[in-house]
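Got a structure here, written out as structure tokens. Questions coming.
Labels for the chains are A, B, C and D, by order of writing; each one numbers its residues from 1.
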Amino acid sequence: MMRYVRDPALWLTTLVVLVAGVWPLITRSATTREDMFLILMFVTLASSLNIVLGYTGYVNFGHIVFFGLGGYIGFYLIAEKGWHVIPAALAASLGVVLFAAILGGIILRLRGAYFALATIGVNEAVRSFIVNWDAVGGAVGMEMNFSRYQDYGGPMNALWFAYILLLIVTLASVLLSYFVRTSKFGLGLLAIREDEDAALVLGIPAPKAKTIAFALSAIFPAIVGTLFFFKNGNIEPGDAFRLHMSVEGIVMIMLGGYGTVMGPVVGAATYERLRGFLLTSPLFKNLQLAFAGVLLLLIIIFVPSGVVGWLRNRFPKVRRILA
Amino acid sequence: MKGMRLFVTVLFILALIVTGCSKATPTPAPQPTKAEAAPAQQQAPEAKAKTLVLGFTASQTGKYAKESKEQTQGIQLWLKDLEKKGGLKLSDGTVVNFKVKYYDDESTKERVQQLYTKLITEDGADLLISPYSSGLTAAAAVIAEQYGKIMITTGAASDSIYKQGYKRVYQIYTPASRYLTGAVDALKAWDPNAKKVAVVYEKSKFATGVAKAVKAYAEKQGLEVVLFEGYEAGTTDFNPFINKIEAAKPDAIIGGGHFQDGSTFAKQLYEKKTPVKMVAILVAPAVPEFAELGDAAVGVIGPSQWESIAKYSPESAKAAGLTWCGPTIEEFVSGYKEAYGYEPGYHAAGGYAAGLVLERAIKMADSTDPDAITKALDAMDVMIFFGHIKFDTGEAHGLQIGHDMVYLQWQKKDGKVVREIVWPEAAKTADAIYPLER
Amino acid sequence: MDVLLASLVDGLLIGFVYGLAAMGLTLIFGVMDVVNLSHGALIALGMFGVYLLFTGLGLNPYLGLLIVLVLGIILGMILYAIAIHPLLDGPHLSTLLSTFAVSMIIIGVGTMLFTSTPRNIDINLGSMVLGPVRLQGTRVVAALVAILVATGLYIFMYRTHVGKSIRAVANNRDAAELVGIPSVRILAFSFGLGTMLAMVSGGLIATLFPFSILSGGTYELKSFVICVLGGLGNPTGALLGGLILGLIEGLIPVFMPVGWTPVIEFTLFVLIILIRPSGILGAR
Amino acid sequence: MMILEAQHLSSGYGELQILWDVSIALQQGRLTTVVGSNGAGKTTMLRTIMGLIKPWSGKVVFDGQDVTHLPPHKKAEMGLILIPEGRQLFTEMTVLENLEMGASPARARPKMKENLEKVFELFPRLKERMHQKAGTLSGGEQQMLALGRGIMADPIVLMFDEPSLGLAPLLVIELFDIIKRLKAEGMTMLLVEQNVHLALAVSDYAYVLSEGRIEIEGEASVVRQMDEVREAYLGI
């Protein structure tokens, strides 16, 4: 235990998320809160995806399916069954983790591009299934009566409440990422990433470890999904299972540093900020997508290890505090 | 201790990255500024000027970019016309002007919510207009209502938004539930023998809503719905589906979705020479580019929120016992053409109408107080160039109940495809082609 | 029964075009192990290429395809130099991302230039009736062009030295170098070929359906499904995969609501990857 | 005249150095061998000469030209051909196609027909299996194909990396017969072998590589008689 308490990397990670996350609570600025909501959401999505992508080395294009399914379960429970958001989010998380465990057991047999393609297929299959499933609204999706927010002391409070929950979730997911990374289990994952066959020979139960990593990566996206759609007041299949968001998550991880704890945090924040800036900047407004593409290309070619990876390579001293 | 200093430095830098340079400056609520009186009001020395901020998001990128652009141009034209008039004068001499603030929402919901919050809290938006499309509007409406802001929705026909208990969201468009019901009426009027209809629709929020309503309506009218099926959004190849439709032998095909699938569907129906008497589809036929289909467009009927050849006028308002306000259709069309170089479609008209309704409400309220404006909107019952505007004040608060659709049909005149209004009888500019000759 | 027959024919005809669209993706994967995420954007680019030649210069769309073909090879080789070559020895992820970045650039610039307004190439070659089946002229021609291009590709790959060199590099890059094949040039050229196939198929699709700069995404997803059906990296298999997909899309609506088509397609896709990753044709 | 020279080559993988200042030279028309035990760096040496691995330092001179930094295909184009360890065939292509690919260098193309006949004469089995996929051949046939593919390139210098590895004894003898025949025809060859006994028996000149360094060099017949070679490699 002591080794965790004394690890500056742990404290740095926690503090960064905490300081940034508490910022809107101090300023009471709703705009900052909305900006931070998206950032924290992406931090959670990216850092949970990093467990599979960065630590285990499996390229998952379907990470967003956890977010979407979690959103659907949670939203259904809140809007249709009248549950409070907290139990609904927990139930969503439980359901999605189960789903991930079963799915992972099946598709993690695949490697490389085959796995990546299969995850796209899973996302699309689930999305098109939901579109056809009328019990959850089919293509129309579901909407929540506005009066539901009264349970949380009115809509304004509900938004702050959702934000605080999200902050807790983000912290938890970053800590999970840290503990996985520094644990023996995490070392096993890294071994799988380097050479899965060799890892098997070394006695690492790769199939089981991969499945656990996959299931762990599903816990928090499911909760974030519930919170996001609760705040939105409605849910539609197209918004819940947007393949593009998965890819954005991967971009964030690459930007920040693949396989590091801090990387996804920095990457998600930078990416979100940048897009926000480009979107509202009169200079880049029309070309923002192309501009983001050029930037991404430059990063992949010239800084392939991401911001955090680059810092770690460039300044070995930083390694101790930048996990 | 060197490690400690490093730690703090890195922490600081990272925190800076994450929080970014988000300005913590609390935006003061825009005070009624006794600003420089506009030159137009110099004759009224005691005139007070007041600028209201009008906020909305536009989809400058993404799948709704086209429709959204038209809508935005409509809003901007309204603003220009208002400025030309020297602003909106209230009885106490206050001159109200608007400042428009808008951002690109990329046609996605996350952006919509983020940007509407920014509009309200940072840019101090007093009044809001919705983005384009039902989905985005649903997301924006939540925010508007959470902050108690008035929002006029345009380009969003979905009914469900108005069943969520919102108090300050008002709809300009005829809702989805009444979008295609006129086509059923038309079919019955033109051909009492027609019995079978196929309702086929895009699996999207809007089209599904329309389709369900039209199915219920058709059944109530004694028609048999021989096929009721949705196709995946983004479908490009309708051939297999058309084969199935043909097998059900309907007299009429009613349905559709958005522009792309609708025009594809129409084109393939034509190429397949599907033997039906009537084809009525959503959205696509009302878009001018539908003419690019050439012969495939001929005979296709589409509901439209508004047409430049529609017959709303001060006279028709009088006949209906309603007040008229705002420009006439001719004024709007020529103004739009002058500003943008081409004829406006209904998305543009909807944008203009949203501004006009706000203007009218403030005028009626004779105040810029949100509660007073809300009351005025609740009581509104006017005719404008866009048609009759009246909102539900009951359970579906804010739902449009005054405005009606017109149905246009593409016809061939002198070798050119043109649009004519064929339904309702009172508004029609030409006789319908019925049955389709293929 | 008539429905079945009509749908069968429709499915097969469109299947050839789908197959062609997937061929470029699978070729690039086969040769350099790169999943090209700019595939969809390149398809859209091909659509606009033919469209602009048609509306701007009044060029017949089928002639326009020839120009798009040449442009495709050149563009592909440029893209290779920028986005693929520097990353070839890096982790798998980097080419996924670089090609995705290329797609962002194409779509970003495309949206600015063309907006996302749907376009349509107004071309109608009439139709003919064979029993219960009505064949649309444009589709028959598109299928024929697809077959022609696919046959051309096959002959090129199996009968010419350059074609064989591509297969040699795909099979074993080091060995290819050792026998004197300039593998970098071959890789660049293969990427050019893949790009060309994507753009030509886009051009063909543009003669059938309305499209916008965003339309490529649909075909990219379909191409993934097809590649897996036919075996990743196997261009001949892609044609078969395309036919299967066309048939699925043609026949499903006969038996169940058309909305279920994608559910079945993608479920099948995942199952095939799991059970027979080498495709329906391939050995296990 | 020295047709191929490696001068003071050092190289390795990542941070691990494998070759240490290795110098060898091949005289035209002669068969030179580099022997050494498993892991001595023989394959690394060939890969470095060929350019599959970038040398850390040192030079490769072929036919009087400095070719140190040329990519492998350029060297193949000039006539420096390596028959790699483990054959490295184009397994998905037919036997005939493999041979055709062997004739990729421009200088070999005009002679393709002639060389093909020569290969089929040397290995009649390959002719029988002409249209079979290379991956379906037996180990011995694959080695023949690899050799045949090398011959198709019309090499000036032919380098073999462990050609006898994994072959049945009878096949090894057959293989060495062919090497001898090529030598008789005047081909310059570099044979890298673990089978020290056989290699020294057929070669003119020999190097002994041990832990990445050249330990011994000399006429093959002399090296064969050296005590340390006999003890360490010939097991006598």
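In this section, a residue touches a chain if its C-beta (ideal position, glycine included) is under 8 Å from a C-beta of that chain, and two chains touch if they have at least 3 such contacts.
Just so you know, these numbers come straight off a predicted model, no measurement behind them.
**Q** Could you name all chains that are in contact with chain B and with chain C at the same time?
**A** Touching chain B as well as chain C, we find A.
**Q** Counting C-beta pairs in contact, which comes out ahead: C-D or A-C?
**A** Between the chain pairs A-C and C-D, A-C carries more contacts.
**Q** Can you name the chain that lies farthest from chain C, using the mean of each chain's Cα atoms as its centre?
**A** Relative to chain C, the chain whose C-alpha centre sits farthest away is D.
**Q** I'd like the Å distance between the centres of chain B and chain D, where a centre is the mean of that chain's Cα atoms.
**A** 76
**Q** Using the average of all C-alpha atoms in each chain as its centre, how far is it in Å between chain A and chain C?
**A** Taking the average C-alpha coordinate of chain A and of chain C, the gap between them is 32 Å.
**Q** What is the distance, in whole Å, between the centres of chain A and chain D, each centre taken as the mean of its C-alpha atoms?
**A** For chain A versus chain D, the centre distance works out to 53 Å.
**Q** I'd like to verify one number: the distance from the centre of chain C to the centre of chain D, where each centre is the average of its C-alpha atoms, in whole angstrom.
**A** From the centre of chain C to the centre of chain D is 42 Å.
**Q** If a residue has to touch 2 or more other chains to count, which residues of chain C qualify?
**A** In chain C, 111, 257, 259, 262 touch at least two other chains.
**Q** Name the residues of chain A that each touch 2 or more other chains.
**A** 128, 131-132, 286, 288-289 - these are the residues of chain A that touch more than one other chain.
**Q** Which chain B residues reach two or more other chains?
**A** If we look for residues of chain B contacting two or more partner chains, we find 61, 203, 230, 232.
**Q** Of all possible chain pairs, which ones touch?
**A** All chain pairs meeting the touch criterion are A-B, A-C, B-C, C-D.
**Q** Which of the residues in chain A end up touching chain C in this complex?
**A** 53, 59, 106-107, 109-110, 112-114, 116-118, 120-122, 124-125, 128-129, 131-132, 247, 250-251, 254, 258, 286-294, 296-297, 300-301, 304
**Q** Going by the contact rule set out above, which residues of chain C touch chain A in the complex?
**A** 29, 33, 35, 37, 82-83, 86-87, 90-94, 96-98, 100-105, 107-109, 111-112, 221, 224-225, 227-228, 232, 257, 259-260, 262-263, 266-267, 269-270, 273-274, 277
**Q** Along chain A, where are the residues that touch chain B in the complex?
**A** For chain A paired with chain B, touching residues are 8, 11-12, 15-17, 19-20, 23, 27-39, 128, 131-132, 138-141, 143-147, 149, 155-156, 158-159, 228, 231-234, 236, 238-239, 242, 262, 265-266, 269-270, 273, 276, 279-280, 285-286, 288-289, 317-318, 320-322.
**Q** Any idea which chain B residues touch chain C in the complex?
**A** 61-63, 65-66, 69, 203, 229-232, 234, 236-237, 239-241, 243-244, 246-247, 259-260, 263-264, 267-268, 271-273, 289, 292-296
**Q** Going by the contact rule set out above, which residues of chain B touch chain A in the complex?
**A** Within the complex, chain B touches chain A at residues 3, 6-7, 10-11, 14-15, 17-20, 22, 24, 26-27, 60-61, 103-104, 106, 108-111, 113-114, 117-118, 120-122, 135, 138-139, 141-142, 145-147, 160-161, 163-166, 203-205, 207-209, 230, 232-233.
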